[in-house]
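Note that chain A is present in both complexes that follow, paired respectively with chain B and with chain C.
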Partner chain A sequence: MGIQERLIEDVGLREGVSRLNEDSIQKTVNAVFQGETGARLKAYAEICLRCGMCTEACHFYLSHDKDPTYAPAAKVKQTIGTLLANGGRVSPDQIYSMAQIAYSECNLCRRCVHYCPVGIDTAYMMITMRRICHKLGVTPQYIQDTAHSHSATFNQMWVKDDEWTDTLQWQEEEARDEFPDLRIPLDKEGADVYYSVIAPEPKFRTQLIYQAAAILHTAKIDWTMPAEPGWDNSDMCMFTGDFEMMGRLKRKHFESAQKLKVKRIVMGECGHAFRSVYDVGNRWAGWKHYPVPVVHSVEFFWELLTQGKIKLVSKYPGPVTLQDPCNIVRGRGLGDKLRDVIRILVDGDIVETTSNREHNLCCSAGGGVINCGPPFKNARVEACKAKADQLRATGVKTIIAPCHNCHGGLDDTVHKYELGMDIKFLGDIIYQCMERPEA
Partner chain B sequence: MQDAASSWDWQPGERVILDSVTCGKTHQWQEEPYVASDGERLAAIVRLEDETFSMCVNGKTWESSFEKLWKPCFSPDGRLVVIAQQDGEWSLAVDGATWEEFYAYLWHPCFSADGSVIAAAIQNDGQYGMSVDGTTWSNLFDNANEYAISDNGQSTAAVVQTEAMAAADLAAFRRGVYTVAVNGEAWKNTFMNAWTPTFDAHGRKVATQVRLNLYEYSIAVDDAVWGQTYNCVWEPRFNPGTGEVVAPVRIAGAWGMAQDGKTIWDPVFFQCWHQQFSTDGKVLAAIVAPTFGEFTVAVNAKPWSTTFPVVTELTLSTDGKRAAALACNNNVDWQVVVDGTPWRGKYDMAWKPVFSADGTHVAAKVEKAGRHAVLMDGKAYKRDFEHAWDPVFSPDGSKVLIRAVDKGTFVRIVATLSDFSSRG
Partner chain C sequence: MYDIYNFVTGPLVWVSFAILIFGSIYRLGSMYALAKKKDAVSLAYMDWKFSFRSIFNWLIPFKALGWKKNPVLTVVTYVFHICLLATPILLSAHIIMIEESWGVSWWNLPDATADIMTILVIACCAFFAGRRLLQKDVRFLTTGQDWLILAIAALPFITGFLAYHQLFNYQVMVIAHVLAGNIMIAAIPFTRISHMLFAVFTRAYIGSEFGGIRRAKDW
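== the complex of A and B ==
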């Protein structure tokens, strides 16, 4: 089934293309090709051997009965390849299809690059396609709204300045029933740890802030959370292709930490934000690495547990399986630490999915796909069939997933494929099993 | 503050202000200490036995206590200011007494340069704006952020949302629902986004970053957008001498500086931000990256020859003849860099350098192995501390006030230049 037969109606894409014509498309496409992409894109386009080694790597292909139009090389051919072949001159309808492929049929998960004999990074090609779509004003409605929120509030959920601190104070208050002297220290200059989250936490998942505060408090960490914007480490602008906003967000985030003179940023269980801070957004801003070290929760929990800062009174009953979030496992190599943490926490085996660690299958929610919202939900969950099959085959009841996107994606997947599995953050388990400080 | 500083005790030597920084009244816990600029008082939030909060100042609690207190600080004129909650509503407590007005929420206290005016962001019934010394803007908005107060305290500004927006309403956003409100009066033009409104030296004019559409950024001054648009811009600043506005601008992927819409620094940098004028406006300096990943300071467009992975906290002397900044690598190995040359030591953390009024001396607080030290012209004060605050020069620049806590004692030290040895 080609892209034409599976087009999804989205008001952001539809209105976007309605403003275009072939001339305006060509001008924008070529401006991006000439001004922004350099040799890498051309090289990738030229060296592809059409060998098909990447095909079996992609869960979109695997989940759609091996439909070749979902193969990574085919997706490149239908997008960037077509633009290059036509000198950037294509119709608005073609842009619609290309946008759907780039935003909703690739999670930018980079699994395929591991199978390509010449190292072609299809995710880079897809993100370049998204950059072009952003420049053309053709982006799915929901993710674009998220990008708007980032620009207006510096967080992805339209959380207003006062709602942020009010929520932290409310969680602090709640937690004091359980930990009478617990604080969520706001703007504490010179703290060792700056704890950063993504906006869904204050908006919908306040218990994650509660749990993090409980863990940091119990571990006696000298920590703080910023009272002003900059606290949200997430970055949907990276995924819409709005790199200028991506840079602005990362500047705000890092300067917020620099202003508080903290030693390092510890971030909650999120994958994509990690990609933005350590690889993409920081570099747009001109920093080679990051100006303030960013430690993912997986690494941080590993420290707390192996250094005895958190002790357990019980273990979580296993066996369990786990979801390797692409951005922190394939992207950052945290696969071993993640398993170490789980072994400490769980009484029972880790039953691996067939594809695991750097060869894991994406949850189909990553790369901003889940943020494209309801119009694309069914297609997204269909693309997770291969993953669902692997999860079912483990025969276990619990999936540990240290990433918000993975959670959201797997939640839908567990439901649709009737897997009957629970999905847990590491923080859920640590909070449940840790020894409380003496009153 | 330098004017106020002339009345402080500048007698060289060390004075113990508090034998113990622990609050005298029984309490459940005591939070981080804050000190007044003159070094005569140390304050901290304490949680009392009855589960209320109070401020403890030099060992004694305020008579008043509150449901909650957060973000304490001393104003430039030495008043102790903290955000306070009473009966579920919020106000600002100043030296123990709240403003008469209470709000559904209050945050971001800010001050005029001399501290005589205090403003804060407020929200009532889901409407947002500012309160100045307890007087609320006459118009409030669906949202507001990026708050600013002029140096003379006569004006306040914020970015405001001029109309409510439905969920995921791309069209309204594209039309532009944001602008700047000055003293509660919104500009007529609206923008896709606006950021960092900033006042001129007299508090009369306001410049702000604006995004006109998803791709075009510019600067607006008093509601008029520069004729030129850019791929991106950063915070504008007024030249205190001429009133002209400068802002870093991104042209074809590289950063330069524009003034009133005309390029004054060629776009040759990988980054350019945090620009700053000398008092007379003749010198303009900024943090720049001449090559990818290498940062430094450019003075009147000319970068220092030394570069570092990260540069922060640029400070110009009043006359603009000297510049200082901090440099680090991955947030460690912090150095104080003055006029392009780093001081010898490397530290776990460093704080913004401070110039003496005449620009001849520079001081900075640094941290190593958990101890704080104060450096002056590259030399360390003869002892270090558990905690120190930023050094303050005497108005004549001949002495440095060190405010510090060590072994539980709060000390106020007036150091002379010879008290700084060379072991830094």
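== the complex of A and C ==
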């Protein structure tokens, strides 16, 4: 029991702490505490009553035989709490443990907020810990690589500028077999919709771009995608603690949309990117509300389906269950619309998991945890056991998950716990079931 | 003995309340100043409607997910807080003392009820202590401060109970009781009991964030 017995070797963390000593740690920690935190952190640290009410909220705790060191308040105690208690003076080895907890043992899902009578936001404490780790140069290698990519290319996957447009044209070409006059309009000024994606889509999930183009084309939407950087709405810097870069990414994204004078941004089925837009990145950039309206796919599909812009020739065979992505449901209240869309698309019932909507259990992949890569994969999937149990109990064969991270996480979960379930994006189902005008 | 009694029920009470009032003003004022300086991106979202929505929903027992999933603790927490606040304010002995000094009085609890409520507070404290010792997750979280505030909360009731029933030396017990009460009052702004001051604001903030940004309920 305890973080010392479950340390995972990661070269990013190891190399990072090897450059530190207690003095340098203390200096950086206190610089963050004094420079970047204020009443929120102070009040949270002071009034947490150590009551343990949040314990049961956490899927890490539930999935690990109720190991108390995984409880939300316990994770705070072992990270920020320890730093505050020691005036920021801790050893490099302690920073290693703290980094592992903050980056890989908390999905920043905020389920524990629903358990805390005094309204403490544990995710905020974990993000602050990550911020400190970032400034100390102690970040897991894989996620840091994506953050480096953001810095160098403004996208997460080292997609080169020409590869980006090539990929779009390739998908356009492919789709024209099926939809002869389909276009992926690049840099179209004044379009109604600016469609933005995450970099893994052009990198290795190109079918999602294909499907989105097919849906937008069929619905006769006046849309565009930018040819230049700014197209990637994802934001791993938000999760590594590189807030300066996070702010630059959000600016770039919005400026790219503003340059094209589009009416609104529609983003794909992604959770964290949405969070970075409506909550985190915008705040860092000093925007209370973002400068261009942003609509998540769930809302957008809801519009298309309820306004009759997309008609169905068939329905997807149910029953199904669904994964409420933390960042769009607990994070943005799209639970009802998501269910409306599923009811339109599916022939059969929605079998809810025991914990659903705002109270949903995280897929264990969010918050950058899946992006910490292979070293942390087994631990991540273990933490999804509670979720797997709930999914199995639904007895259905299909999980609808409108979030890339949820997909990745649940994919591993379904495999490891032998659930035998298919995982679908809404876009997969719409593409499969929609009426094709040209056909 | 009378000198000590007069001191703890006289000047010391003034001192305790002065610490409570000025300490609370200082704590709240400095926290607000800090929030204005450092937490502008949080303060910007504070919203009356969502604040009260959250506070209201969390005041209802078993409404929030956390209350539902911790049923025993929920009952104990409500009983504890209600008795802790109501008993001293509505206790006839306290009201008589205030009436003798200032000529004001208000409705009081029957002594037998107050006695039961006192026992309930003590029992709740015992329950909290038991959790801290026996429940793994709570034990892991517990620090010295938690024991301190538990003791601060329990002592006025334990001594009050003993004094009322005239167990042990009555005079010593009354003095101990008044002293413990004074300590509790003075400790509010400067120990974890400060959740009395701050929790309403942390609750209001998270309610505002969930209402305004997340468009989701936070209970």
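Rule of thumb we're sticking to: the second predicted complex is superposed on the first by the 437 of 439 C-alpha atoms of A that agree within 3 Å, B and C clash if a C-alpha of one lies under 4 Å from a C-alpha of the other, contacts with A are read in each partner's own complex, and residues count from 1 in each chain.
Throughout what follows, a contact is a pair of C-beta atoms (placed from the backbone, for glycine too) under 8 Å apart; a residue touches a chain by one contact, two chains touch by 3 or more.
A quick note: this is a predicted structure, and the numbers were derived from the prediction, not measured.
When both complexes are superposed on chain A, chain B and chain C end up sitting side by side without clashing.
In the superposed pair of complexes, A:Arg50 makes contact with chain C only, with no contact to chain B. In the superposed model, the vertex angle chain B-chain A-chain C (Cα centres) comes to 120 degrees (nearest 10). In the superposition on chain A, A:Asp428 contacts neither chain B nor chain C. Within the superposed three-chain model, A:Gly331 lies in touch with chain C and out of touch with chain B [touch as defined at top]. In the superposition on chain A, A:Glu303 makes contact with neither chain B nor chain C.
In the superposed pair of complexes, A:Ala227 makes contact with chain B only, with no contact to chain C. Residue contacts after overlaying the shared chain place A:Ser151 against chain B, while chain C stays out of touching range. In the superposed pair of complexes, A:Lys288 makes contact with chain B and with chain C alike.
After overlaying the two complexes on the shared chain, residue contacts for A:Val118 are found with chain C alone; chain B is out of touch.
Closest CA pair between chain B and chain C after superposition: 7 Å apart.
Common to the chain B-facing and chain C-facing surfaces of chain A are residues 36, 283, 286, 288. Residues 36-40, 42-44, 46-47, 49-57, 61, 66, 68-69, 71, 73-74, 77, 113-121, 278-279, 283-284, 286, 288, 329-333, 335, 358-359 of chain A are the ones that touch chain C when the two sit in their complex. Chain A contributes residues 11-12, 15, 35-36, 134-135, 137, 141-142, 144-145, 148, 151-153, 160-162, 165-166, 169, 180-181, 183, 185-190, 227-229, 242, 244, 247-248, 251, 258, 261, 263-264, 283, 285-293, 373 to its touches with chain B in the complex.
Against chain A, the residues of chain C that register as touching in their complex are 31-32, 34-35, 37-39, 41-42, 44-45, 54, 58, 64-67, 69-70, 73, 77, 131, 135-143, 146, 192, 194-195, 198-199, 201-207, 209-210, 213-219.
Residue ranges of chain B in contact with chain A, taken from their complex: 28-29, 31-32, 47, 68, 70-71, 105, 107-108, 121, 123, 128, 143, 145, 161, 167-171, 173, 178, 192-193, 211, 214-215, 217, 231-232, 250, 252-253, 270-271, 273, 289, 292-293, 295, 309-310, 312, 328, 330-331, 348-349, 351, 367.
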